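First chain A sits with chain B, and in the next complex the same chain sits with chain C.
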Partner chain A sequence: MAKQLAFYVDINKCSGCKACQIACKDRSNLPVGVRWRKVFQYEGGEWVDQNGQMIPSSVYTYSVSSACMHCKKPICMDVCPTSAISKRNDGIVLINADMCIGCRYCSWACPYGAPQFNEELNVMTKCDMCQDLVDKGERPACVESCPYRAMDFGPLDEIREKYGTFADPAPLPDPAITEPAVVYKPNKITKSSRSGDGRLMNLEEL
Partner chain B sequence: MTQNNFLTKALNDTVMTRRSFLKWSAAIGGTAALAGGVDYGLKAIEGAAAAGEEQTLTVGCYHNCGGRCILATKVKDGTLLRIVPDPTPVEEETPESPRAIPCLRGRAQIRRVYAPDRLKYPLKRVGKRGEGKFERISWEEALDTIASEMKRIKDTYGNEAFYFNYAWGVTWNGPDGSSIIQRMLSMFGGYVGYYGTYSEAAYGVAMPYITGGYVGNSADDIVNSKLVLLLGDNSLVTRAGGDNGGYWYMKAAEQGTKFIVVDPIMTETVAATQAEWIPINPGTDVALIAAMAYVMVKENLYDKEFMATHTAGFDENTLPEGAPRNSSYMAYIMGKGYDKVEKTPEWAAVITGIPAERIANLAREIASIKPCAIIQCWGPQRRAYGEQFVRAVPILAAMTGNFGIPGGNTGQLPGGGYCPMGGIPVPPNPVQVSIPCFMWPDFVTRGTDMTVEKDYIRGASTGWSATAGDTTTAQENKNLRLKSNMKFMWNHGGNCIINQHADVNYTRKVLEDDSKLEMIVTVEVGMTPSTMYSDIILPGTTGFEVDNIITGEGHGIKGNHAWAMYNHKVIEPMFEAKDDVWIAEQLADRLGFGEDFRDGHLTRDDWMKDMVAGAQSSLPDFPSLEEFKEKGIYKTKGGKPFVGFEAFRADPVANPLGTATGKIEIYSPVLANLKNEEIPPIPTYIPEWEGVSDPLREKYPLMMMTTHWVARSHSTFENVDILREAHPQCIWINTLDAEARGVKNGDMVKVYNDRGVVHIPAYVTNRIRPGTTNIPQGAHYTPNADGVDTRGCGNTLTNYRPTPMAKGFTAHTNLVQVEKL
Partner chain C sequence: MDTREWALLAFTILGQTAAGLMIVLMIVRAYLARAGGDLADRLTNRPLFLVVPLMALALLASLFHLGSPLNIARAVPNIGYSWLSREVVIAVAFVIFAALYTYLQWRKVGSESLRTAIGWITALLALAYIYAMGMVYMIATQPAWNTLATPVTFIVGSLLIGSLGMAAALVMGHAGLKKTETPIVNNVLQGLAISAIVLLGIEFVVLPLYLAYLATQGGAALQSLNMMIGLYGFVFFLRLLTLFVGAGVLAAYLYRNAAVADKEQTLATLAYSAFALALIGEAMGRFIFYATHYRIGL
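== the complex of A and B ==
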């Protein structure tokens, strides 16, 4: 069995620009409303009165770029009534458009909101880890696109060896649910999904 | 991936169906009369590349971002497939010369080319100006009409009725762009030019009066800094991709350089460099600087020797001859100046909103951690008294001993290397008058009344020229006058007619009366609010449809290396789009000087060969045009980072600055001569109109800025659907201000002042100072039937009131009220 492939994102280097999301859309010609890669903007802290002057108290923000995590326990696959979702040897989780009946169970089940319904095609779609590029030995479009080199990609064990095992920056869910094939490098203010005290800010996600 | 879904979809679209266009038409009350076929995209399929073969070719990301990154484009059967990053192999990437990985805007370029609102054919206005009624015409008719109107207007009013408007949609490329049109207009007898920019007018005009020029350390030098103090700099947004400022800031942050950012907004730059954020009240940086200088003097923390030998007017001992007593900066900050107020941290705290203790500590930090780069960006100078900010920041660089050293800076933006290319020769403009670019509506309404003393009109200018910002020369030529008001405007890939200019509702009024400005010609690729106000619209080509040569911008934002790029024609021009060289030639023929215009240049290549020859004259290893086309990219070797004014620091007598005294002129004798309270000889805190202390805040309590937005380069890319989706247009408002108005994140709000009304979603965040709001600039003005802008064009609310000295745009100085809708 080939090694499970995985994404890596360094939160220290991410500006939240969404070049990764746009590169993904460019590569896969995705319409508005279908976001295989999303970048969550997370924010916390407050403004307080200090002797009559307003000052920020622990105001922080960071961005979390996330796509399908090609999980080790893909719950999307478990709930699909037509078995349209499969997992390749190298861990890439794929939706077979011909078998998809558009029931959306997978998108409700997936804690990452990764499956995205394409109204035009009337099928569920999602990140396929740029399998065509990966099969040619190239890196996924999003990984290649980051102007600040925040992303990496490779076999999960190698990624973990290089970067550690942290996988749950807030607002992402507890990794125990699906065992995502992903590693994040937190910055000094990153909260974990269990201690997140901030809020998700993205207007397009509201 | 042989078929581009987006293109397929576009095939079914016509200009008529564009939603915002229809909204606009409805608003103005007319029926859209755009003629247009349904063959969208057919041209693209004819193809430049051989059938079936996938090619990867370089195209420059050119528009007015400054970055000009390298886009490699996959193309097959004449159809653009996707963008991939700079094709330089990863192994060849070095720290000095990184690959130029484009930002999100560059990655979305294909959707700009295949945008449903691409202009397909020449159009002429048939309704009232601005009403949105156009008719398709042939190129023949379009060019004939323009030529005959040009002749008529010249005969009636003379060449001083012609204006080439400030516009940068096609920038830093050749042979297309402004120069080729200016060449044509010059040969026609000339036109009134402009000087300055909408971006950095105050910077360009005022900086020479303190440092004699526009010189900072190169961006790659920032990795040598221990501490970086950014004032209003959000390079991670403005130059987000490639090997530009943002890249170098991130590099420095990664290796442990500490960043402190003074900005009303916790910007992307604050977040990503893990900076300390010092939220300041907008427009009060000069007070902060004065207080920090005060602390350094009180605590004896500044470089006294440097100030004595290298500066003029810092204290009474170095005041230039003839300056009155107590007119030095020292007198000003220590309470002996004109206002007799000590510039203590407590004084500044009230104005800036920054606690006094933090101000004092910041002064101590920048005075003690070396090297420290103190960098100003252009946001804080696009304000009521922008010139004061520009001239204040270098004082800190000088006092802290960081002026002219590696890892320090001159208090300016990074500067440095660029790749010199030849350009299109523009003959001297026979018309010897130019105006500050921002003041063009005055040229329409009262051009002949504009004066040197009040309006700072000047001698000839052929375009952007920072150091042309010479208020003194202009003063010597006091009798300069325009012989006509503006009657003809050429708008070349620009959106400053309506959208990017201040106070849209006023500008509309000026333009709707077409007895004043009689003809507006616009060359554009897509519909914009400015094309809506044009009389003849010519469909231009995007960078993907023509061969061009692209160079990086000369501000050293790429570090001390540079590159030039061969921009390949990868697809045929869409529909009837034509390139600029062809347009200019056709008009030159009709105006009777075609042969002189061509001057032996029979093909595009002939112009490009000249450009290459220009490069070869200073770079002996620059390849021939053919080789250059083959290779795609030429990169200069990354040298040592550039250090601004290093020689001056070493020996100020042998290497004087270009100021009157040859020193860092904190007191400018030239400015003193102007005797204008709003242009004092030393950088002075002047409370702003519509600023933090304006009593008008009782009616309009919130300050509003209009900053750059990562999804757009000004208004370019506004029509790209996936960029709009990725970064929805919104007004930033602090949680406390929102709560007081019952507004929650995502709610629609009404933003208004006496100048206009905008409906826009609220982004309720703690990342902006209470009392301050921000509408990112560049969204296309889209009025409804009541004249309310429904898209969020900040300029519906901005003020057509220029800065005192540069006559620059004061885009960030506005007061508004916000209400829940």
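== the complex of A and C ==
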């Protein structure tokens, strides 16, 4: 069996520019409202009043680029009534549009919001890790587009060897739920999914 | 809540009504059959004829939830993992058996015991259908749904609507009763009223436990709780009130009046309004159910 493929994102390098999101939307020709890759801006902390002056004490913000995690335990695949969702040998989780009935059960289940309904096709769609490019030995569009070179892609064990195993930045959910095939490099202010006391910002962009 | 979830609201309420009627109907038949004669057939065939049309409407409504409804036949293969597959399969089995039983009862085909056996199989399928309907929402990433309260309240709600629906069907047949039959039917009405009150009691035990559970969970569960008692607080209150008046107060009056002779008109008014209120209360509860769920994560 081929090795499970995975995405890598360096939160320290990411500026939240959303080039990955746009590259994905462009390459996959996604309609309005469907974004297979999204960049979430997370912030928290507070200002303190010091002698009448507001001083930022623990204020933080960072961006988390997220798409389908091509999980080891894909909850979307378990709940799908039609078996339209499958996992390739190399771990890429795919939706077969011909089999999908558009019941949206997968979107209720996936904690990453990966499966999204396409109003033009009337079926669920999601990140396919640019499987055609991957099959040609190339890398997914989002990874290639990052101007900060904050993203990488490859077999999960190699990615983990290079970058560690952290997969738990807030606002992402606890990785124990679906065992996502992803690695993030945290920066000094990155909170974990359990200790996250912040909130998502700029919701109108999501 | 968007249009597609209204489709699910219609599907679940119609399905619960059909299944609840079927289950209660078989229990009532078993009691009436002891009185002998054709009393059981005369009183329970009428609501039985409603089961299949109600299910047909329910399944039709469910199609409006789908992006590609023409592919519905494909919703079966993942029966080993997906409760949605199981719900679809059991619902179809229920409709087929309900249609068969209705036909046999209507045309008086087959022996009494054969028909009764098929009736009970249909009632069991109805129960399994409602259980599967609840289990569909037991998703690990939906904390407001993923509790035992979900399948329990789906079943309790279904039996509640079924009991009061059956009571409404019985008072409809009151006029055609012989003198000796009236007390038997009134006994059944009393039984149905008590069953409604007991089921209401279960709802009123489960509900506070459920809310307390959500409050202790934090995160998405707490978000759901805040929406239930915040934005939808008024609907939540109305739902409790409707349920309490319908399945509590009116059912209690139904019980009392069924003990007195010649109260047909009062009994009819009570049974119809109790049934209507239970139905509206359950629908409001389902509205809140779909409108306030939050998924864990992004």
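What we mean here is this: the second predicted complex is superposed on the first by the 203 of 206 C-alpha atoms of A that agree within 3 Å, B and C clash if a C-alpha of one lies under 4 Å from a C-alpha of the other, contacts with A are read in each partner's own complex, and residues count from 1 in each chain.
By our rule, a residue touches a chain if its C-beta (ideal position, glycine included) is under 8 Å from a C-beta of that chain, and two chains touch if they have at least 3 such contacts.
Note that the structure is a prediction, hence the values are computed from the model and not measured.
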**Q.** Contacts of A:Ile177 with chain B and chain C, given as first, second, both or neither
**A.** second
Q) Who does A:Pro155 touch here: chain B (first), chain C (second), both, or neither? A) neither
Q. After lining up the shared chain so the two structures overlap, which partner does A:Gly113 touch, if you call chain B first and chain C second: first, second, both or neither?
A. second
**Q.** Which of chain B and chain C A:Thr82 touches, first, second, both or neither
**A.** second
Q: Mind working out whether A:Ser145 is in touch with chain B, chain C, both or neither, as first, second, both or neither?
A: first
Q: In the overlay, work out which of chain B or chain C sits against more residues of chain A.
A: B
(Q) Which partner chains sit in contact with A:Asn187 here, chain B, chain C, both or neither? Use first/second/both/neither. (A) first
Q.
Quick one: is A:Tyr62 in contact with chain B, with chain C, with both, or with neither? Answer first, second, both or neither.
A. first
Q.
Using the superposition on chain A as set up above, list the residues of chain A that contact both chain B and chain C.
A. none
**Q.** In the complex with chain C, residue positions of chain A that touch it
**A.** 38, 40, 66, 75, 77-84, 99-105, 108-113, 117, 121-124, 171-174, 177
Q. Inside the complex, what are the residues of chain C that reach chain A?
A. 4, 65-69, 71-72, 74-78, 81-85, 88, 136, 139-142, 293, 295-298
Q | Touching residues on chain A, where the partner in the complex is chain B | A | 12-19, 21-23, 25-27, 29-33, 35, 43-47, 50, 53-56, 59, 61-63, 120, 132, 141, 144-149, 187-189, 199, 201, 203-204, 206
(Q) Show me the residue ranges of chain B that touch chain A in the complex, using the header's touch definition. (A) 1, 4-6, 9, 82-85, 101-104, 107-108, 110-111, 236-237, 240-242, 246-247, 250, 254, 266, 268-269, 271-272, 274, 277, 279, 349, 353, 355, 710, 721-728, 730, 734-736, 745-746, 761, 763, 765-767, 769-770
